[in-house]
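I'd like to ask you about the structure that follows.
Just so it is clear, A, B and C label the chains in written order, and each chain counts residues from 1 on its own.
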Amino acid sequence: MLEARELRKEFGELRATDDVSLQFGKTEGEMVFIVGPNGAGKTTLVNLLTGLLEPDRGEVVVHEEENGSTIEHEITDVPPADRVNSGLVRSFQIVHVFEEMTVRENVRVAVLSEHGRTLSMRTVDDGHEDVERAVDDLLEQFRLEEIQDEVAETLPHGDRKLLDVAMSFGLEPEYLLLDEPTSGVATQEKEYVIETIVEASEADDVTTVTIEHDMDLVKEYADRLVVLHEGRVFREGAPSLLETDAELRRVLLGVDE
Amino acid sequence: MSRFLVERDGRTHLRLMEGMELSRNEALLAVVGIGFLLAVPDIARVTPLSFAVFHQGILFGIAALGLNLLLRHTELVSFGHAAFFGAGAYTAAVLASHYDVSSGLVLLAASIAVATLLALLVGYFVAGYLDIYFALLTLAFNQVLFAFVIQSQFFNYSDGLRVRPDGLNPPALFGLDLGTTAYEIVLYYFTILLLVVMLLGTWKLVNSPFGRALDAIGQDRTRARFVGIPVEKYVWIAFTLSGIYGGLAGGLFGMVQLHVRPEPVLYAFVSGEILFMAILGGVNTLAGPIVGGIVLVYLLNIARFYVEYYHALTGIVLLAVVFFLPQGILGSLPMIGSGLERRRDDPGLFLEDVKLVLGSLRKGVTRAITTVRIIIFGVN
Amino acid sequence: MLGALPAADAALPAIVDGALARHALNGVYYGFILFMIASGLTIIFGVLGVLNLAHGELYALGAFSVFSVVGFLTGLIAEPTNTVTAVVFGIVVLAGSLAAAAVLLPVGAAIEAVFVRPIDDRDEVYQLLLTYGLLLVLVDVMKFVWGPAPLEAGVFRELNAIPTTELVGISYPSYNVIVILVGLAVFGWLVWFFDRTKTGRIVRATAINREMSTAIGVSTDRTFTLVFAMGAFFAGFGGAMVSIGPSTAYLEMGLDPLVLSFVVIVIGGLGSLKGALVGALLVGVTSRVVTPYYPQLELAAPFILMVLVLLVRPEGLYGTWGEIE
């Protein structure tokens, strides 16, 4: 289980994250969606959890099952790369891929890293068969085989988003934090992107935390809903809240009904 | 197909080792290149080619090869690699003149060791910085070292030290006390041997997963961090590795010149030159920095004996490379090859080239004149 | 390195007490010269993203040009014999410096339009190689026009006949005071230009977002050329002020100020004019105050200062990442 304990982050006057306490993955493989109006502190929260930002106060904690008992690891000061290697992985709202590499090379870097192979001195195409097999599997899973030799910067936006997500899954995450995986993706493809993510995370029992603006997708796929508003947790519960809670609707729509 | 020849995409490739294959053209180029390097001492005997300067060029080229590891893969511009070259050269000089170490191999090993330690130290401080900050910090360490050496009695100020253990003869090579000519020739072939080893090692390094990780860092640091690559640590390792090249080259340089002074090996502008060698030869090629090293050192050292305005000549060569060989000397060879082929079929294209150059020059000048007019008479 | 202006100290009357203040004033003087070079460098870097390695040569070109221009001008008026004629003389010399720097306007514009622009979309390393090539060419252009020997305009002593500092009770060369005042004026003008004029705001907008500026109809090409020409102008002005002052114009004079200007803009923060001024004064004063007491630190002091600043503030004192402020 991944836990945020009273996380706080201020940018000058603005308190972007205001004593947020949340738990993700109480049930293994749950799919949590974070929603909220612009400026609610969604991305800041993900940045704090993954170590891109340091909190002003509060803790990030991972609970792990070991020999039948639960052990707490406080990871607030652990650098991002180490968090990734222990299973806390993220994607970005603005696509971050290795622009001059091909799709295959992009995925390969992630898999090499996951296999702890990045200090190996054997050349890439010599004796890393297990890595190549894992790359093949990922490319197939995310239906990227056909464009595997194309250079990332030349791809259309939707494919870049998928590549970004595929790389994240290549890191074999336990917790995967996705910052708007469908932003900028054409409406008819959004479903496809989320569907692919759901399939992949169900296959590996990955707990996902997804920031999403499309409420239809949230209603359809969320196990649990977290609503942030002005840096605080405004609501937490079943996705049906979106239908029933008038005040919540008002906050999300940003208008008085 | 034998062990050394494999088919790839319908073309025959030469296979040197597991995972290392050269296309026909690459293999041809490599053979011609190495053949030429081996023949240089003989060529120099019958032509005005300066053997010593050529040797120097190769050594600076090796330093540039190391710098290119950072430049090409992590995309970091170092303005301070003379520090490692100089550290290597001065290590050889100090051991030879202060401690009478006469074995060339010991001098070289010590040069590499000292440069490595220095690169470890500098790398620790600079690994977290980017762009011009990285460039200027490396420059700063370089200049501080230069200032320290040139003001120190131990290093004999700006006069420098001699690399003659007994004050007279050059160091011994492989246990042999050689005469001047034999010493130079043996050292040259030893350099070529080391050069080939360094090139193969570099090839292996950049094609290993570690090389990929460095590429990843260069292309998107944030993403690299979030695929679990410890960015600063890897930059630090790469920086240290690249310093080793400088140390090796510097140590050999000291043994070749037999006299080490601060300006030619440690001054900040030497760092700049090492950087420009890599770019000149072709950043995106393996052996480009070597070619760049030879060309630039040759221009800077020899041109002055032939033309009064040798700076301008060097500058014009560099400008020509920037505009007409966009991938550097070696990197642009494939482009030139196909371009020449087309022009052989259709000589009229040459005329078009000339028109293109003149046209763009004229356009540039017109623009400049317009702008000056605007500056003086205000925005219209 | 810092010996670029060696005669500055020698030309001063030896004052035993107040030596520290004198060194500090020399530092301020030197700082303003550095500011004139560094401001252009930082603006060019901020707007075009080009690290102009030839910038030191533009400074040197200004120094050589002023020799010709002032030599021409001073042939026209009488040598100064009293305060009034000295003031007149000073004005003529200043005008000469401006005229010499004006030579740099077309030079800078041409460099940008002919050489830098065509490789705008290429990797930045080629811009380094290009400006380095230009540096080498410019050195030989100066050698061709003015010859290899150093030149001295030699009007410094006459200008010191203007008794600027005697009113406040210290004796300090008037020429240096003039340079300090001119440097302040340059800073003021630049701030006014970027803050208050339409063109200045356009330049700033281009620095912040190139695409956006193009979208609202700004010609980025023209902005770039303008910026380059301006940068060249101030470098040349700095060179001119040095050269008619206590120092000579010589072929290698551009190298050290170039490296020190890098230090200045990194200390101050890239693209920050205020940073360039503070950085230049810090570097100037540090090197001039430290050198007399710890001569062995002369070469290293600016760099040690830079490392210290970067360790504490990695983006410099007023770092705004490329935005002109």
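Convention: contacts are C-beta pairs under 8 Å (C-beta built on N, C-alpha and C of every residue); 3 or more make two chains touch, one makes a residue touch a chain.
Note that the structure is predicted; figures quoted are calculated from it, not measured.
The chains that touch chain A as well as chain B do not exist here; no chain meets both. The central chain of the assembly on a C-alpha centroid basis is B. Averaging Cα atoms per chain gives one point for each, and the point farthest from that of chain B is the centre of A.
For the pair chain A and chain B, the distance between mean C-alpha positions equals 43 Å. Taking the mean of the C-alpha atoms as each chain's centre, chain B and chain C sit 32 Å apart.
Taking each chain's centre as the average of its CA atoms, chain A and chain C sit 50 Å apart.
Residues of chain C that touch chain B in their complex: 1, 45, 51, 53, 105-106, 109-110, 112-115, 117-119, 122-126, 128-130, 132-141, 143-144, 198-199, 221-222, 225-226, 229-230, 255, 259, 262-263, 266, 270, 296-300, 303-304, 306-307, 310-311, 314-315. Of all the residues in chain A, the ones that touch chain B in their complex are 50, 52, 79-82, 84-85, 89-90, 92, 96-101, 105, 108-110, 112-114, 117-128, 167, 170-171. On the side of chain B, the complex with chain C involves touching residues 71, 77, 125, 128-129, 132-133, 136-137, 139-141, 143-144, 146-148, 150-151, 268-269, 272, 275-276, 279-280, 283, 309-312, 314-319, 321-323, 326, 360-361, 364-365, 367-372, 374-376, 379. On chain B, the positions that touch chain A within their shared complex are 18-20, 204-205, 207-213, 215-216, 219-220, 222-231, 234.
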